[in-house]
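Have a look at the structure below before the remarks.
Residue numbering begins at 1 within each chain, and the chains themselves are lettered A, B, C and D in the order written.
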């Protein structure tokens, strides 16, 4: 790729970027949120058109205007926001990409077989007839990878594939990546997890503000150098942010749930949240973390258990009531549950707070602007102004808007479901710092995360879920990486 | 329960249809008969054919309002060309091509200019209806003997009922529609587009060709509906089929297809259309209502059906496990 | 489908560029073109005189006749903003008309009858809102029920006292519809009042934001604490209200209640006005001012067809072509391809 | 006796009066009337006739939406030995034995009557504006045809503007407003011919609002003779209306009942007379 340029209204997303990929290498593409990584791969794979520049494949300049054409030429992609049609079954989704069948006729038997084979390569054994939307984000991610791979793939682009995978799944994915690499496929790998970069990649390229900072072999660069390449300044505190912090005594109890559960969704479990305390929520994918946060928030109706907020019985609740009593949720899936893509950043940020105030008492426009500007500054959201549509933001920045909105409603309790999914190192550290700050200000926080490091870094107390029921709780000194993993694994480890 | 959830709306539609049919039978003499069933199939055949095309459009998240005008336009062309000595079959084929071309043009405008389908096809509705008036203002009979031959094709049903040729054409069209929707790559693309157009695009569905194909297919089915209507009434009438687009859309939606796209089945459309026919027939059998009450009962029965449908789907859903 | 706008906002400092990039330019331009063509085919088109104590002329006529469409379209814009649609507006007009004729002939005070009519519209809106927000029925189908039954209800009300299309006399209502104040048609004041009221309701309270949020993403809005059902419900009630207001004006215009044919196809014109005003039928945005411009475009077109002297057979074709033309004007892609008006500047 | 009656719709003033008369007089004749309203759609009407056949009524009365398209369904009625009577509009069928008779007025004649009256009143010199019915509908086409047939005889009579007012008061008013503007306050216009009274009533309102005097400045002639136009004639706002009788039950039922008693060949058209009413 040579001299690629792309601008959107108000932003130059890519400015003269060159990128070379060699067969059989894993090329990591790094940069802060909004640096232009996703845009670059979208250009590379025909999802959007470029303003200028050439794409040269095997020595020949190539042109394509759709992802299908790109895939035929050998460039396959898994995009950042999981891109599957959630109402359709797995088989049907996988059949979208494949070109089998004569006269456009599909044999579902064959399609199912193909699908099963494709998924087998990723060690995925799921019901092919279920709509994709019923699976967790992680499974969907794997399905998307399966669908992107085809026989003549020369370049595979993975845009933050590991953002919602746990360690085990990531390892499985890396095995696949290594296998592809050995077949001579060039893999472009975008992630914000630096360990993974060092683990798998051969070379790295760093983007900053739409410009290429540099391309280097992985062996020539240290972690520190890499981070400073990305954010353009030294950052010791990035590292220190992840170190465990000793908690102080938690304050008064705000939320107390007893036997909260719902049939087929979550076994009844107890949980309590205190002022000035961060509770981590750990578990494997599908263990029910999302469900627990939603049950507390009232987004899913419970069929058992009771809950008290500030000592008052509060059941059955709805999201609106929860927000009114000072509970805020940052949902996991920002695209479908988090943001209103059509609306601007300002409007999204104001929404919750306004809902709390009611429709009659409108927050004056000036105040909205002020609030949005503050939030953009505080969260370091990369945008020219607050009037940009949220759907035009990069993934990480969207996540920040979700957080900003929850904060704007001035909650006492924040439920964060995967708050750092898809967020760059710098911002990751900032969010962890933010969580701690909020905690010090007396908020009660519940943080569900797949990243055990993160939980260890922020949590005073950890609740561990397995197979949709609570299996343990660790407090204070006991919160360590190993202890959490052990509890998550439970008897499985003991057996083996 | 092993029943796939996606069949629920369809099953509910069928259940409600049968229930209404039986209730009608208990109220009116001669209602529960193959004759009435045959009538419903024939009298709604063109609505259902047009609705099959509309099903694809709606599945893809779009809408097609040009259906009714297309029926009128095809009719007047058939009639006028008949008076100029064309064989009805030749005109029919010609009009089917026209339908495909017109639909494709609509699809192209929708995708290329990024104009909303509702509006493009609304312009199509105005345009085709206007063209009808250009062709003729009178109603014109089709006198070719082929028409007699066509209407003489019948399959007897047990009892006094018959399956008329229109119903037969409709059943063939239905089979074709089901095949295209569920057994071709195109059909899969339609569902994908309706489910999530952006994802479908990123997964390699060519949105432009698919859109053009969808509206071309809808154009084909509405032109076919026009042909059936013209042969069925053996005439062309410039006002024929007005507001039929809404009836077709209602048939699709009553058949369990979501207007937001991505969810639904072609087979449901058959029953959706038949339910509309059943409602009208019930009111005619009653016969004691004045115009005011006829309109009100039409709405009330529609409401009743929708509520029954929702209750059925809802109660199944609870047994079926977690709700979305 | 995300549509990536290609315009370069780099140098929007001068007013010319600002206007060029404002979304209002295209409908306004369409309106201007239609009026210019009118002026060419009919000399004296812009002439305005005073007849019978009010302004009289084609331009006034367009404004005057656009009022009902604009009123209905305003409500429609709000429903469309919530990702809904209301097909029953024509029927609501019919019901209001019947209520007016009925109560006036029954001798109620006319001001009270005016409120009865509005109340009838609000009740219709509540019914629609209940079906959509309460029972979760798809808007097209939910409002189709009232569309089918509504005119029958109108007929029924008429037949309550044995009238076939009864007429009535009311100085108050007719004055509001066809009268004038200070030479200006009263209905323009009425429409302006409704417009301003709606604007206050939508933009001075948070209702607009909530409706747009629900229309953009109902699930996310609910999780953000918006009562999405109530908001959807409210949108239909507002739409019922504006349709009823239009109903008062339309019925008083002919001072007859004719439920079967009054406001036929008005839902299509209203939707068209909203879309010409730049809103998307997939919800998420409400543009009140632009909707009014959309209604003016449609009425200017209708009026020009009527005065053009062409036989009525051509009405629909002309309408179709003009609508397509307006939409082409609005479409980035079409403009770029056909090189219409402005060349895009390449930086 | 059970009789099925398929009516066109319920538009305007005239047709509901017609339906109401049919329903009310049915009792007088001891007829059980099954009433179906096609809302202007032929497909609904075909459905109704088929349903009547399935139901096994004794006779079917149809007021056709359109003249064409009746061949096969009338054949079915004949096969089921149910006699069919037409009221109002005609049908075009190759085999006239498919229906017993048509009992109705003559639209074309109505147009002619209006034209003749106008020719006499204006002494053969007149510029006319015309308010058409729904484009493509039978009464619109036939009334226009009859009217033009007469005025074509007079070189100094011509239609200078014509538009569709869709048979509604609202439509008539809008169209007349536009005519007023486009003809500079109806300058030189001597008459307004409307295909039905409702449109004419709308036109009268529009003219009054523009400060014109309908009935004096301009001759107003229309068709139907509904109660509202009677008032207008009285007040001098309208000049003439051709009556299309709506109280026709007394013409129709006896014919049908006699036929059911004793089937016999009848004339294919029993014309109900149209009268011209003037101020």
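One rule holds for everything that comes next: a residue touches a chain if its C-beta (ideal position, glycine included) is under 8 Å from a C-beta of that chain, and two chains touch if they have at least 3 such contacts.
Model, not experiment: these values are computed from the prediction.
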Chain labels contacting chain A and also chain B: C
Far-end chain from chain A, centres as C-alpha averages: D
Rounded Å distance between chain B and chain C, as computed from the means of their C-alpha atoms: 29
Where chain C and chain D are represented by their mean Cα positions, the distance between them in whole Å: 33
Distance from the mean Cα position of chain D to that of chain A, given in whole angstrom: 70
Chain D: positions in contact with at least two other chains: 9-10, 16, 20, 135
Chain B residues counted as touching two or more neighbouring chains: 133, 137, 198, 201, 290-291, 294-295
Pairwise chain contacts, counting only pairs that touch as defined: A-B, A-C, B-C, B-D, C-D
Chain B partner contacts - residues on chain C that touch it in the complex: 1-3, 87, 131, 135-142, 144-156, 158-159, 268, 271-272, 275, 280-282, 313-321, 323-324, 327-328, 330-334, 337
Touch list for chain D against partner chain B, complex: 4, 7, 9-10, 16, 19-20, 23, 33-37, 39-44, 46-48, 50-52, 54-56, 66-72, 92, 94, 134-138, 141
Chain D-facing residues of chain B, complex: 28-31, 33, 35-36, 39, 42-43, 46-47, 79, 132-133, 137-141, 143, 147, 151, 160, 229, 232-244, 277, 280-281, 283-285, 287-291, 294-295
List of chain A residues in touch with chain C within their complex: 7-10, 48, 297, 299, 319-320, 322-324, 329, 331, 336-343, 347, 350-352, 354-363, 391, 405, 409
Of all residues in chain B, those that touch chain C in their complex: 109, 112-116, 118-120, 122-127, 129-131, 133-134, 137, 197-198, 201, 207, 246, 249-250, 253-254, 258-260, 290-296, 298-300, 302-303, 306-307, 310
